[in-house]
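Next up: the structures, one after another.
Look at the two complexes coming up: chain A is in both, with chain B in one and chain C in the other.
Right after this comes the complex of A and B.
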C-alpha cells in the first residue's frame, strides 16, 4: 500500500488529474453559460469532438498549439451556430437537435479522420509547458500543479473571471434573466434571442477549446469518439454547480482525479482492468447526484424556446 | 385558441371530405418522406465530397441489404434488436421520459443472458432456459434504470443525463463482467462461454432468421396497443403531455415515472437478451453495437407509432447491413450511417417546423 504514497505516484496522479480535468472544466463552464441563458446544450459532446478534431488538425499542420486551441474553439462555435440557428431562432426541440448534433459530429469527425489519415493516428510533439517560477519548485505539488501548458492557468483564471462576470456585470444579469424570465429581458429592451445565441456561441468556443486540449495535450492525437462522454459530465458539473463557476472548478478537479486514476495506478504497478477504473468517473457522477440531488437547480425557462407574446 | 378564430374557421369554405382526406394523407406522406429524401441527398453530397459516387453507394447498399437473399435475411435479423429497442423508447417517449441509457441496458442484459444460457442448458430443456434467461435479463435491465427513475421521480433530476451516465457505467460494467466474472477460461480473447447453435433460438423454416423476429413484431404491436388502447397507456400519455395536469388528475406521477423507466429498460433488455439467444450465443469483451442512440430518430420518424416503426426499422436495417458491406467494398466507413441518422433527425425537426408554420398560415 505504501507504493500509493510515493512521490512519483502522487505527482503523476495530480498532474493527470489537472490534464483530465481541464476539458471538463471548460465544458462545464461553457454549459453553465448556456444553462444560465435557458438553453440545455445536449450537443456539447458534438462541440467538444469537433473542437478536438479541428484543433488537432490545425496543430498538426501548423505545429502551433495556440492555433490548435483557436481552431478548436472555432470548430466548437460552428456546432454552436447550428444550435443557435435551429433551437434558438427556429425554436426546434433542443433535445432532439442536441442528440442529432452529437451523433452527427461523432460520425463526421470519424469520416474526416478516415479521409485524411486513413487508419493511422499521427502524434503531435510534446506540448510546451510553462513552469511558474518559485511555485513549481514545491516538492510533489509543484511539478503536478504549476508545470502545465499555459492554457491550464488561463482556464483557471477564466473560472474566477466568469464568477465576477455573472455577479457584477450587466452581461451576467442579462444571461440570468434570459434563463429565468425571458419575457422580462425582452420588456427591458434586450433581445432574448441575441443573448441566448451569444451564450451558446460562447459555450461552443469553450467546449471546442476543451476538446482541442483533450486531443492535443491530453492524448497528443485524435481518435474518433475520443471525448467519450466528457461533454455530458460537463453538463452534470453545470447542473450541480447551481450557476457558480467556482463549483464547476471543484467538480472538474474531483472528476479529473477519478479519470487520472487509470494511468496513475499503472504507474504504481497495480494492474486492474481499465474498465473498472473507467467506471469511476461515471459512478462518481451518480454518487454525487444521489447525495446532492435536492440541491441541483436549473433555470425555469431551461429548454423552452422563447416566442414573443406567447404564454 | 380564442373564440373569434373559431368562428372564422367555421365560416371558411367547406371542402369536400374526399379531397381533404387526400390532402391530409399527402401531407402525412410528405412529412415522413421529405426528411428521408433530404437526408439521403445531403448525405450523398458528403459522399461526393469524399470522392465517392453516392449513387454507387446507395445502389450497393440496396443491393446488399434488400435485393440479395442473404442480405435480406441479415436485414430481418438486424430488425429484431432495433424493433425491441424502439418499443422500449416508444413507451418512454410517449410518457415524456428521455431514456437515453439504451446501450448500457442492452449490453448488461446481453451479458447476463450470455452467462446464464450455457450454464442453464445443462440442467433444463431449451425452452425453459430461454424463458429463464429472458426473465432474469429483463429484470436486471429494469433494475439498472431504477436509479435514474428514482432521481427523476423524487427530485426531478434530468433523466437524460442520469440515464446516459448509467449507460457509460453499464457498458464498462458489462466489460468487467465479461473479463473478470463470466470469462470462458478456454479462449484467448476474453468472452463468455459459447451457447451451441443447436441450443439458440430456432431458425424460421430454411432461413437464417431466428424466431426473435416474431417476438419483436408481437411486442411492438402489443406496446402500441398498450400505449393507445389501455388506461395504463393513457395515463402514461397524460404524464408525457403535461405532468402538472397529471398530478391534478390524481395520477401518481412518481410511480408512473418509475414504472415507465422499468418497462422501457426492460424492453431494451429484452432486445439484448434475444440478440444473444438468437444470433451471437456469446459476448466478447468490448462488444458494443451501440444501437441506443441511432434508434431514437426511427422512433421520431414514426411519430411514436408502434406499427409505423416497423417500416422505418426495415429501412434502417437495410442501411446498416448494406452499409457494413459497403464499408468493406467501397471504402466508406461504417460511421457514415451515423451522419445519415443525424441528418434524418435534423431534417425531421426542420420539416416539422415548416409544417407547423404552414398550418398556422392556413389557419390565419
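Right after this comes the complex of A and C.
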C-alpha cells in the first residue's frame, strides 16, 4: 500500500481528478442555470457528446484548442436549441425529449465519427498547459492543481462569477423567478419563454465546452459514447447544489477524485478487479444521493411548461 | 371618422372628462364562448369603478386585455383618449396600468424589494438604492410599512397583497386594476385594503375593482358596472350613486344581474352574503360521532401543519372551519380523511379509534371527504363521468365480477345518478374534465354522499362555482345534515359558514384558535380569531 502515499501517485491522482472533474463542473453549472429557470435538462448528456464531437473535429482540423472549445460550445447549443424549441416553445415533456435527444445524439455522433474516421481514432497533439508562476512550484499540489490547460482556471472562475451573477443581477432574479413563479415574471413584463430559452442555450454552451474538454484534453481523442454518463452526474450535482454554484464545484471535485481513482488504482497495480474499480464513481453517485438527496430543494415550477393564464 | 365617434362615445360617458383608460366596443371570443361581447366602459382618474358579475360574466377576460395578457378580437382600448394596443404585460406596465391578480403573483423565495425590481433591464446589475427610494415613496402613498428585505413567503397574505399593489403601481400610477382582491383576506385585511384604495383614489389613481360581492361593491364603488354573460348590462354613475341608499343600489344591481329571473331565489342571498341561519336543533344530547383529540401533523415544504387540534362532532351537526387560506385547513382535512398520518393525538369515529387506519378503514365507518381539488384529487379528468362515479368501488361487486368490469351496470348506474343529481353532461361517457366546475362538484357529491355516509368533510365546497351552483351545493350540505350526517365544512368564505354552521371553529397558524357558537356576535369574534388577536 506504500505506493498510494508516494508523491508521484498523489500528484497524478489529483491531476486526474481535476481533468475528470472539469467536464462535470461545466455540465453541473450549466444544468444549474436550466434548473434555476425551471427546465429539467435531461438532454445534457447529448449536449456534452455532441460538444465533444464538434470540439474534437474542430481541434483536429485547425489544431487550435480554443477553436475546439468554441465549436464544442456551439455544438452543445445546437442540441440546446432543440430543447428550447420542443420543450419551451412547444411545451413538450422535458424528460421524454431529454432522453430522446441523448439517445439520438449518441447515435448521431457515433455515425458521424464512423463516416469520417472509419474505425480509427486519431489523437490530438498534447494539450498546452499554463503553469501558474509560484503556485505550480508547491510540492505535490503545485503540479497537480496549477499546471493545467487555461480552460480549467476559467471554469473555476466561472463558478464564482455565476455565484455573483445569481445574487447581484437581473439575470439571476429572472432565472429564479422563471423557476419559482413564472407567472410573476410574466406579469412583470419579462418573457418566461425567452428567459428559459436563454438559460437552456447557456446550458448547451457550457455542457458542449465540457464535452470538448473531455475529448480534447481528457482523452486526446473522440470515442463514441465517451461521455459515459458525465451529463447525468452533472444533473445530480445541480440538484444537490440547491442553486449554489460553489456546491457544484465541491461536488465536481468529489466525483473527479472518484473517477481519477479508477485510473490511478489500475496504474498503481493495486490488486482490485477493474470492474469493481470502475464502479466507484457510480457507487459514489448513489451514496451521495442517499445521504443528501432528501435535502435537495428543487424549484416548484421545475419541468413544467409555462402557458400564460394556466395555473 | 368612425374612430372619432367611437372615442367620443366612450369619453362622453362622463361629463366631458377624458377617462384614464377606456374600452370601446371590445369583443373577445374563445372557442365556444364569447367572453366579452361589444363592451364599452370608461375608467376615470380619482374614481373606484367596481365591476360586478358572476363567474363567467367576462370580468377576468376584460382585465386580461387591459393587462396586456390577451388581445381583443375587435374594438379598441383608449389611453387618455388615444387608441393604444396593449400587446404584452410590459406595454401595459409601461403605460402605468398595473394589475393585482386574483392569485398572488410574487416569487416566494425572493425578497419584497427583489420582487418589485423584477422586470428591470436584464443586462444590468441590481441597483437597490433607486428601488428603495421608489419603495419608500409608494409606502407613503399606500400608507403601509413593510420591510423591503423580508422574504415574500414569510409575509401574511394581506401584506403580500400590499406588495402586489406596489408592484402594480411601480412603473406609474395611472390605473390600478384589482381582480377579486378580498377573496384571500381576513375581515380586518379587507378594511385595510379599503383604506389603501380610498387613499390611492384621492391621489388621482383610476381604480378598477372586480368583485362578486355586493357588500364590497357598495362600500368601495364610486361607479358600479354590471357584466352578464360577456355583456355590459348596466352602470350606476357616480352622480346617481351618491343619491342612492344601499337598498336602492342593491335593488338595481340585483335587477341588472338577474334580470327577469326569480329574485327570491337563493342566488340573491348568495350575492348579498345574507345568511338565513339554520334553525337551532337539539343535537347536544346525542353522543359524538367524531372525536378528535390533540391532533398534530408534520410540516412539509410550503404547507402549514396542524397543532394540537381537538373537537367533537355530533350527528346532524355542521361544524364550520373558518380561517385565512393556508392556516392548516388542508392538513386538517387530509388527516381526518386518512390521507395523511397523524404525528400525535387520536381520531375516534363512534367508538373505534381509527388514528392509524387509512382511507379505506375510515370509509368503511362512513367517513367521506369531498376535496377542494375537484379535478386531480377528487376525479380523474380523462376518465368518463361514469367511471368517476364509481371510482371508489373499483374491483368490488356488484359492478365488478371476477376482476371484470360490468360496463352495462356501471353506465346504467351513472345514468341514474346523472338524472337524480342533475349533472349536466353530454353523456355518461364524457371525460369529466370537460364538465363545468359546478357539475364536477355535483358528480363528486353524488359519489360521496351515499346511504352509508355518516360523516362528511367538505373542503371549500363552493370555491369557483357560480351563484346557482353555490346555492345547490349549500342546499346539499344542509340536507345531508338534516338527515343526520355529521358534517365539517372548511371554507374561507365567512358568509358561507355563517349560513350553514351550528358552530364555527377558526384555524390560525395550524391551531384551532377557538370554536364559536353561530349566534349573534359570532362574526366579530371569528374575525378576531382569524387574525390571532383573540383566544376563544
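Just so it is clear, the second predicted complex is superposed on the first by the 309 of 311 C-alpha atoms of A that agree within 3 Å, B and C clash if a C-alpha of one lies under 4 Å from a C-alpha of the other, contacts with A are read in each partner's own complex, and residues count from 1 in each chain.
Basically, a residue touches a chain if its C-beta (ideal position, glycine included) is under 8 Å from a C-beta of that chain, and two chains touch if they have at least 3 such contacts.
Just so you know, these numbers come straight off a predicted model, no measurement behind them.
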| item | value |
| --- | --- |
| Touching partner for A:93 - first (chain B), second (chain C), both, neither | first |
| Chain touching more of chain A, residue-wise (chain B, chain C) | B |
| Touched partner set for A:126, first chain B, second chain C, both or neither | neither |
| Contacts of A:139 with chain B and chain C, given as first, second, both or neither | neither |
| First (chain B), second (chain C), both or neither touched by A:273 | first |
| First, second, both or neither for A:187, with chain B first and chain C second | second |
| Touched partner set for A:177, first chain B, second chain C, both or neither | second |
| Interface residues of chain A shared between complexes with chain B and chain C | none |
| List of chain A residues in touch with chain B within their complex | 40, 42, 86, 90-93, 95-97, 99-108, 110-111, 114-115, 224, 228-229, 232, 235-236, 239, 273, 275-276, 278-279, 282-283, 285-286, 289-290, 293-294, 296, 298 |
| Residues of chain A that touch chain C when the two form their complex | 168-174, 176-177, 180-181, 183-190, 297, 300, 308-309, 311 |
| Complex contacts: residues of chain B adjacent to chain A | 46, 50, 98, 100, 147, 151, 154-155, 157-158, 160-162, 164-166, 168-169, 172-173, 175-176, 179-180, 293-294, 296-297, 300, 333, 335-343, 345-346, 348-350, 352-353 |
| Contacting residues of chain C [partner chain A, same complex] | 64, 67, 69-70, 88-91, 93-94, 99, 101, 103, 105-110, 114-115, 117-126, 167, 301-302 |
